[in-house]
Amino acid sequence: MKKFFIEGCILINEKILDDVYYMLLQAPEIADHAEPGQFVHVKKNNSINFLRRPLGIAEVDKKKGTISLIYRIIGRGTAEYAAMTVGEQLSIVGPIGNGFMIKEGRPLIVGGGMGMAPLVFLAERLQEKKPLVLVGGKNEQEVFWPKYMEKYADKIYVTTDDGSLGFKGFTVQFLPKILEDNAVDDIYTCGPDIMMHSVAKIAKKYGKSCQVSMEKRMACGIGVCLGCTFTDKITGKRRKVCVDGPVFPAEEVFDYE
Amino acid sequence: MKKFFIEGCILINEKILDDVYYMLLQAPEIADHAEPGQFVHVKKNNSINFLRRPLGIAEVDKKKGTISLIYRIIGRGTAEYAAMTVGEQLSIVGPIGNGFMIKEGRPLIVGGGMGMAPLVFLAERLQEKKPLVLVGGKNEQEVFWPKYMEKYADKIYVTTDDGSLGFKGFTVQFLPKILEDNAVDDIYTCGPDIMMHSVAKIAKKYGKSCQVSMEKRMACGIGVCLGCTFTDKITGKRRKVCVDGPVFPAEEVFDYE
Amino acid sequence: MNEISLTVDIGRLHLKKPVMGASGTFGFGREYEDFLAVHEIGAIVTKGLTPLPREGNPGVRIAETPAGMLNSIGLENPGVDAFIRDILPKIKKYHVPIIVNISAGTVEDYGEMAQKLDIVGVDALEVNISCPNVKEGGIVFGTDPRSAAAVTSSVKKHTGKTVIVKLSPNVTDISCMARAVEAAGADAVSLINTITGMVIDINKRKPLLGNVTGGLSGPAVKPVALHLVWQTAQSVKIPIIGMGGIMNGEDAVEFLLAGASAVAVGAGNFANPRAVKDVTDGIEKYMRKNNIHNLDEIIGKLEV
Amino acid sequence: MNEISLTVDIGRLHLKKPVMGASGTFGFGREYEDFLAVHEIGAIVTKGLTPLPREGNPGVRIAETPAGMLNSIGLENPGVDAFIRDILPKIKKYHVPIIVNISAGTVEDYGEMAQKLDIVGVDALEVNISCPNVKEGGIVFGTDPRSAAAVTSSVKKHTGKTVIVKLSPNVTDISCMARAVEAAGADAVSLINTITGMVIDINKRKPLLGNVTGGLSGPAVKPVALHLVWQTAQSVKIPIIGMGGIMNGEDAVEFLLAGASAVAVGAGNFANPRAVKDVTDGIEKYMRKNNIHNLDEIIGKLEV
């Protein structure tokens, strides 16, 4: 898969929640080639930060040649992006990695926190298959994702830790019920490690395929630094999250006791 | 002299010539206390540059609480200031140093290159004394200074290297003529070292007082790092350009063969 | 709710705050009066003094580098006698510990300076055996454990003050240096001094600095300094004053966790003349947030 | 107008361009195909290989620092046999010199690896005696002149290729290390490897890196690297490959003036995957501007 190294002009960069931002970028090469689950490695020019930051591709509009990123301010990199203004250029390397493999069966998308970002793009790609979506968050406010997903999803289930919206509890507590009530074949998930691990176990129990999207600190993002590697549970081989992933079949990543 | 450490809001930051910029800053504490010849030590927040940069105070409006800087893009610091936009904050330490001592007699102000910047403020302060101004530059374009000085000066003499405006040649070639044609007592100069040295020699020959404003690389700007020191030719003592200067009587700085 | 205490002891030196201005970057303290309450800081470490006055190095002395700077001041200073006569009386008034930084060309000269400074108003000596910018003395003592020990013993013999030996990062094994000066009687060590570096003016094809090389400091060196402080903390029992690239409270807490009992801010003062105060406030904020009442709960508490 | 030549020789190795991708940051070259013409670069230096495959260090391996980064990869690599079998055949096609970086735990193992790599397709060996991220081997050889010389001799004995010894900056006196490996037969030296450093997560009170410490590289270390290259150039006659924080042509010219015959770009590739090309173009631009036709007119031409 060819990677591009371009400057993307910022078209929109707006706060959508306390510390969460939506950025729309003019980046036709990326838009043309991106697959759901891939990410871009970005950097502000003349930045005080030395390394690029990985961000999932949340939306793609091939016609307009745009992509969008949805990101939370965590530290000095994301804070810097949030402070950028429309018209500024963001340096982009991408699209990077192996995205989700699109399976034949009925999809269920499970997301937690900012892990939802690349799942928006995935939902679009899967829309013909009438995907179910399960999204969890701390409270009603945090679960702003349905507005990006509703046009693609058949049904969106919401869980909140405080019960302010949907089911009160964690996504993984609600997941078995979805699997019992619906004909689902393939699970696609992205979110905190601990959540994905539970999802993977439940998927296995119910005999569903499960793909997970991993997060690791990255220096190069192009498979040369070996900052992001782990040992494949199936083959025992070393894998790179950046270029071999970030999406992997759950069995390659997690132990199942 | 009290120094302030403040954030100054940029009100104007415009190109006035190829690589020369005019910046107007809201900085009431500095405006209130500044004397001609003093400078500010500035830094962009979150800058890729570690050190502050010294820039002369070119204009002061106490009523409005503003100061202006006139600066040329030399490297990564000044380039960064040029890229800043109205409304942004510039971190300022100042006013710093000992400015020009205002003498009793008829003043002649001699400036070269960006050395003119602090002389604009000086001209304003000296206006009652009907100062003469001699300003030199490469060509007509480079000599944009009269428009900032004309309201304060009795007469402005211009020299250009290529003769495109005023006298063709260097300021120091024209200086003796001014001193012969006019009753001048005190010379105030700022510009390239080599120019100031010549001015100082001519001043001595004609028996005029002469003050020069020095430039040295500075780390602290507040007299602690000793990056900017030199040996006083009169007393043999070490002097700091930042806080003992930047303005000194020429005899303390230069050898006269 | 208990009070938060920021006090710490370095030898017999009692600090009300664990943050000081580093030698050569804090003048003699007075220069910061416009920016912070000098009487509230941890300590003032003076510019490095030598037996006789020095003019320092010729030519350009300052170069900016990525996230840092090089200096090649070359220990310009008025000499120890002028310090005692003209400067010390003026800075006593802050009632803040005065740590006098000293350098010399021979073991004997170090001892002699220590003796001259064994006077009221001086609270501790920081023995600089690590200045990369002077030929005589300085770093030659700082890269050889025996010489470092000899300097330390000589100073200890001539003073009743707390003796802090300032170590150089330009060595293969800092533990070995630290142990040598500890054995020779040092009450504490401070580190790091600057790392030797160089910048070239490619248009002139000449070194940018008049003295060819200079000492690197600022945020660029922080990871290196932190590692050396941690390594030293594993090797000696005497307290450590940590420095190298500290800009804020978080940076300082890293040094404390690594094993420093106090920290100093050097080049950071140039970017932010209020840095010593901001760093102190930052440490206090961290303590408040984490419900820590005493620096002992932080110092050396890194879990490895 | 004469043509500009960017060629340079390192031992028997002929480089068409003086800029290479540094070990551990350039993969095996292929990974940069999307960003630059790999067949046009000076050379590919492979990731460090060891006798057996290595998984590298556990936990977090990357930390960003001011103007740089720490890595504690710990020499993850497929082992020399897998390299020869699976990777070398694929990268020969670029017709660019392949410099194979090797590390081992014993003098004998270094020799054995050298012998295995004495094959067509390998153009030179870079002998890594300076990796700060592994316990066995690596840096212990790089801080002791006798061990460094022993490794060098052992490698030289087993190969006909150009032997480049990669030096560590974590030493008191790099001249001494450089002279030792020169005397032992090294055809060239390369420097610097990373400087040992550390970052602490103050909330977890733990080192950020799984391996506690890591190696610092990037612009932050440039002044240090430049000084060490200059110092080495004063000490040995063999060519030097300079690296440490090079981001653009100007940086590279500084290293050339200081005495490096060629340069490598490491962490800079991560910020700018086209860096090797941009640095090369930058050198050429400098030569054009200054009417220089040959690298000999720059290399070591610093006026001190």
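Just so it is clear, A, B, C and D label the chains in written order, and each chain counts residues from 1 on its own.
Quick note on the criterion: a residue touches a chain if its C-beta (ideal position, glycine included) is under 8 Å from a C-beta of that chain, and two chains touch if they have at least 3 such contacts.
These numbers were taken from a predicted model, which means no experiment stands behind them.
Of the two chain pairs examined here, B-C and A-B, it is B-C that is joined by more C-beta pairs in contact.
The most distant chain from chain D is B, comparing centres defined as mean Cα coordinates.
Remark: chain B and chain D have CA centroids separated by 47 Å (rounded to whole angstrom). A straight line joining the Cα centres of chain C and chain D is 34 Å long. Between chain B and chain C the centroid-to-centroid distance comes to 36 Å (mean Cα coordinates, whole Å).
One finds 55 Å separating the Cα centroids of chain A and chain B. Across the assembly, chain C contributes 63, 65-68, 218-219 as residues in contact with two or more other chains.
In chain A, 48 are the positions where the chain touches two or more neighbouring chains simultaneously. The touch graph of these protein chains is a ring, one cycle where each chain has exactly two neighbours. The full set of touching chain pairs reads A-B, A-D, B-C, C-D.
Those residues of chain D that touch chain C in the shared complex are 63, 65-68, 70, 143, 170-173, 195-200, 202, 204-207, 212-214, 216, 218-224, 226-227, 230, 245, 250, 253-254, 257-258, 286, 301-304. Those residues of chain A that touch chain B in the complex are listed here as 46-48, 80. Note for the complex: chain C touches chain B at residues 24-27, 31-32, 34-35, 47, 55-56, 60-69, 71, 73, 76, 218-219, 267, 269-271, 273-274. Those residues of chain B that touch chain C in the shared complex are 2-5, 43, 48-52, 93, 217-229, 231, 238, 243.
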